[in-house]
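Below, chain A partners chain B and then partners chain C, in two separate complexes.
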Partner chain A sequence: MGIKDRLKTGIQKNLNLRYIKRLLGIIALKPVLYAYGKTFPSASDKYLNIFTIESLKKAYSDNNRPIGYGSLFIPHELFHALGITPFLPEVMAGFTAGLGLAPQTLKEASSHWYSQDLCTFHRSASGAAELDLFPRPDYIITSNLACDAAQKSFYIHSVKHNIEKNFYLIDVPYRYSEESIRYLAAQIKNICTDICSKTGKKPDISMFEETFELSNELRKWAIEVGSLRKNLADYPSHFNGLNFILPFHGLAGTREAVILYKEIYRDLKKYSDKQCKEISEKNKPAKRILWLHLKPYYRNEIFDILYRENCRVVFEEINHVYWQELDYKKPFESLARKMLSNFLGGSIDNRIGVILKAAHDYKADGAILFSHWGCRQSNGGARIIKDSLKKINIPTLVLDGDCVDQNNSSQGQVKTRLQGFIEILNS
Partner chain B sequence: MYTCGIDVGSVSTESVILDNKNNKIVSYVIALTGSNSKNAAEAAFESSLKKAGLKESEIKSIVATGYGRINIPFANKNITEISCHARGVVSSFPDLKTVIDIGGQDSKVIKLEGGNPIDFLMNDKCAAGTGRFLEVMAKALEISLEEFTPIFNKTSDKVDITSTCTVFAESEIVSLIGHGVDKNKIIKGLIYSIADRVTTMVERVGLEEPVCMTGGVAKNLGVVRALEEKLGVKLNIPDEPRITGALGAAYLARDLH
Partner chain C sequence: MTQDIRDTDNFDKTRKKINDIKFFFGNTLTSENKKAAIGWFCTYTPEELIIAGGFVPVRIFGRKKIIKSESYFPINFCPYIKSGWESLLADADNLKAIIFTNSCDGMRRFFDIASKYLDGIPSYLLDVPHLKNRDSRDFFTGNMDDMKKFIEKLKGEKINEEEIENAVKLINKKRKLLKEFSNIFYKSPDLIEIPAYYKVMELSMISDPEIFLDDLEKYLGFIGSIDKTSTKNGISLQPDQRNSPSIMIIGNFIAEDKLWEMLSKMNLKLASEDLCTSNRYFVKQVVTGDNKDLMESIAERYLNKPQCMRMADPGSKLAEIENVIIKNHIKGVIFITLKFCDNMLYSFPLLKQRLNNMGIPVLYLDIEYNNFSEGQIKTRVQAFLEML
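Entry: the complex of A and B
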């Protein structure tokens, strides 16, 4: 049994906070961590795993640094600038799926009256919280941007830990306008001032300088990765652009995220230089797939099938860099602009615009929208997205499934739909 | 030269042998799948060979389709039922635009352009809108599936079956019988219930004529009529709608060369 399987089995058998802390204490030791990192096929995968474990270690360690729960669509630069360790319950729900813990966390959520209709990212995270598997938060910041479930389920976390006074809900306006920016910036400033008054940190814009510089650096490298991928004919089989949610969001504003995105760029560039010419001469070109929304985080065959059938995911909607550079001299306005620029907010036209441009820029032959059970913000637009792509002759497969709960879809049915779609692309 | 297509479905397995010289079906077999799809495929293949008076060595290639397609080691290739059904119907109806297939545990709608599939939709994990739904209801009503069509034809009124779930629908009809509701009206309601489900799927993909219906449920003329009424179109039915997938697979096996 390899180290990854041993980790999985260990945590499945000892599902409690003490064991998680002990495990992180061992695996996050530098020699162990770097030995573990060597088990990954590329430098970017190695750093992704190392930085993920290090960030979890920070969140689970008993130091005096405050912990902040943040939903996916808030700017996590805020936490980093305030010296708060971010913890992302939705990303953790993805880990529960990857570690095979979701059946237990979902069962726990059900027994606490969480509806079966609630998105399993939130249900599994809530179940894990009920099982006391998460570190205790000091602050919780969420928003009404795109995801409705976050506002509600994150508030329940604050009640559980009796920190309702440290729960902040950012109200993001529907439309992008200067008035909206002022409204949003004022809220972010208030949150910042309130947290500073509680932590004793002096509210000063200088605290944003380094974080924003690193965030801008991440942005620059993410754009570089995207530009490289526009003309990349092939990919290493282990590459999956849907794995980088934590660094793209939760680690935005850290040195680790910058290192990681530089490594992704280097890995793909190296592969492109070495392999692409040879591959394109020998084989017929791969079908280029645009991936919309997320993927299942439990073990599944989707990407193996795509790779085997000579289809490559050339871009993922979630990796779109939608925001402008942040200016530390105008921190609240910058973060407000970042949130308001998110294409998942406001009208569906914002999202469609991004998808159509990506389909064009990345020369997509087809698109797959993974329709995650309970995710209204994504599934609600499925029909209009499919129709919009059809107008530019790009077929779309709306693949119904669940990112976290493997029992909520049949692998055989997913496989048939996927293969049927590939046959259409090849016909 | 001959090719063979084998469609391993959840309820039945079909094997079709095609003479590639004249595109004529030499033989076909429809058998129950049972618990072992691999054995069912082997048995159906052997029976179809025997029926055709051919030896295995005379079959140039085999394409497997259906849910059990990946478990047929003697097949040269496996292709999904989406492509196979599309290929199977265009051999009979070349200008076809929409295919409705209702099988044992699966219903699908395929949109075609120039004989090729361009879009499709399959039922979700629920058995509603499939042949299994009718089977379960027939059992609950203690009648055979063959009786559905004559009852549909002679009954003018229907009772709405509101439950989508097969299990709940079964409870609902048991309750209706308990309340003394006419069995024939319940049967007519069940047929419309399946037609409603499938109509929604067709509308999602986009209805375009000509339309064809395949699969075991296409033998149930009550369902065919209810669907025609709901969709407002005439449905073309192949001579043997149950072998469409296997026939398409046999054509696609021919195309391998």
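Entry: the complex of A and C
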């Protein structure tokens, strides 16, 4: 049994906060962590795992207070600038799936009256919170951007920990306009001022300088990665662009995220250079897939099947860099603009624009929309997305499934539909 | 006891008459709209602006069976939206335009679908903030101004201040009379039956307000006349004395005739409600005067009316419910939601916890729309009532 399986089994058998803290205490020790990092096939995977563990260690350690729960689409630069350690329950729900804990967390959520019709990212995170597997938050910042569930489930976390006064909802307007920016920037400023008054920190725009510089650096490297991928004909089998959600969002504004994206770039560049030498030997170019929405985070065959069948995911919409550079001299306005630029907010046209451009830039042969159970904002747009791609002759597979709950997804059916789609691409 | 002294025959006759909504609201039901109609869905839509533009605001109830709609939306999607879309696919030609709100993820996608696939009918989405403070009121005022421009385009000319003022007066009057009606309903559940009550509510949202108000005034006048002659007829509008538990219904867009029929035959007293199809629609007036900006006053009313679970502050919503329960001596709550409504579903864990602390039992029901499975729901409600 390898180290990863041992970790998984250990946590499955000892599902409690004390064990998680103990485990993180051991694995986050530098020699152990780097030995663990070496078990990954690429530098980017290595750093992804190292930085994830380090960030969890920080969040679970009582020495790094205050801790802030943040939903995925808030600008996490806010936490970093304020010296708050972020913790992302939705990302943790992905880990519950990967570690095989979701059956327990989902069961716990059901026993607390979370309906099975709700998104399993939020349900599993709520179940984990009810099982007291998460560190206690000092602050919670969430938004209504793209997701009704976040604002509600995060409020429940605040009640559980009796910190309703430290719960902040960022109300993101529907349209991108100067009025919207003003309304949003004022909210972010108020949150910042309120937290500063509670932490004793002096509200000062200089605290955003370093964070924004690092965030801009991440942005630059993420764009570089995206540009490189436009012409990448093949990929290393272990690469999966859907694994970088935590650094892309939660670590935006940190040195770690910059290092990681540089490593992703180097890994792919190395592969690309090698590919240039070998490409002439290949007879059949791979089919290029544009991936929409997320993926199952438990063990599944989808990406193995695609790889075997000579299909490569050439871009994932979630990796689209949608925001402009941040300006620390106008911190609140910058963060407001970042939120309002998110293509998952507002009209579906924002998302369609990104998808069609990506389909063109990445020369997609087909698109797969993973239709995660309970995600109304994404699935509700499936018909329009499919029709829009059809107009430019790109077939779309809407693959029904669940990112977190393995039992809510029929592997056999997924396999059959995937194979049928691949046949269409090859015909 | 009041009931004992009643002349049963006379009482039954009067009750039958009062519940004959077709009779009292004949004009509302039969009048053909002379003005063009604008469709709306959510109670955060300021009807005042539609009326000021010279149009009739008609809420889309989506009574059509879901067939074509299935190919536009996923299986686990709000059934009201699907039914609404089915209705638009069939009858949208009757509308001049449709106004959506960004109430929830589902509604946003509904607006997208309507904008893409409904040819020739203009759609507009009103951005309603989730917060209730001065900044959000100002922001909402600006958004309503944008909606006004959309209506002005349909009208072909500007809407003036006087037109808005008149519309505010009209809708305020409707709210006032609906409130009076609901108070009578809560006080005298043996007189006004649940289906009749909700039928009037529905008519209030889908009819020309002037014609409806005319009928409603006459209807309330008739009910009032019974009150005045109560000793003669043995009928009174005094608090109901039956030994039925006082129930509160909390839900979203619940407009299920079969449910109302079913509840009306059960031993319960509907003493309060928190629904998109009743109090969230009519409670709270637009307060004008004191040199207040009219649009700002309208915005204030909508942001501070009994809130939908979509708003940012579940804590104040729970407090609002708690107060209603105490004030109305509620003995049990029926929480009824259309399936796949995230805002409602997420409100339940906290509500359940709060009600447990108060010692108030709650029954959780989730239902489809236009596809009510009576047998199963009936058994569960009966068991709940027996427990009370």
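Side notes on the structure shown:
Assume the second predicted complex is superposed on the first by the 421 of 427 C-alpha atoms of A that agree within 3 Å, B and C clash if a C-alpha of one lies under 4 Å from a C-alpha of the other, contacts with A are read in each partner's own complex, and residues count from 1 in each chain.
In the analysis below, a contact is a pair of C-beta atoms (placed from the backbone, for glycine too) under 8 Å apart; a residue touches a chain by one contact, two chains touch by 3 or more.
These figures come from a predicted structure and were not determined experimentally.
In the overlay built on the shared chain, the residue A:F87 is in contact with neither chain B nor chain C.
Of the two partner chains placed around the shared chain by superposition, chain C is the only one that A:Q187 touches, whereas chain B remains out of contact. Contact with chain C, but none with chain B, is seen for A:V159 once the two complexes are overlaid on the shared chain. Of the two partner chains placed around the shared chain by superposition, chain B is the only one that A:S410 touches, whereas chain C remains out of contact. Once chain A of one complex is fitted onto chain A of the other, the partner contacts of A:D148 are limited to chain C, with no touch recorded for chain B.
Taking chain A as the reference, the larger set of touched residues comes from C, when chain B and chain C are compared.
Of the two partner chains placed around the shared chain by superposition, chain C is the only one that A:Q377 touches, whereas chain B remains out of contact.
Of the two partner chains, chain C is the only one touched by A:W113; chain B is not. Of the residues of chain A, those at positions 383 touch chain B in one of the two structures and chain C in the other.
Taken in their complex, chain A has these residues touching chain C: 112-115, 117-119, 122, 126, 144, 146-149, 151-153, 155-156, 159, 164, 169, 171, 173-175, 179-180, 183, 186-187, 346-349, 371, 373-374, 376-377, 379-384, 387.
Chain contact summary for the complex, chain A toward chain B: residues 383, 395, 400, 409-410, 412-413, 416-417, 419-420, 423-424, 427.
Residue ranges on chain B touching chain A, taken from their complex, read 67, 79-83, 116-120, 122, 124-125, 204. Across the interface of their complex, chain A is touched by residues 71-74, 76-78, 102, 104-106, 108-113, 115-116, 125, 127, 129-131, 135-136, 139, 142, 309-310, 312, 314-315, 339-340, 342-343, 345-350, 352, 364, 366 of chain C.
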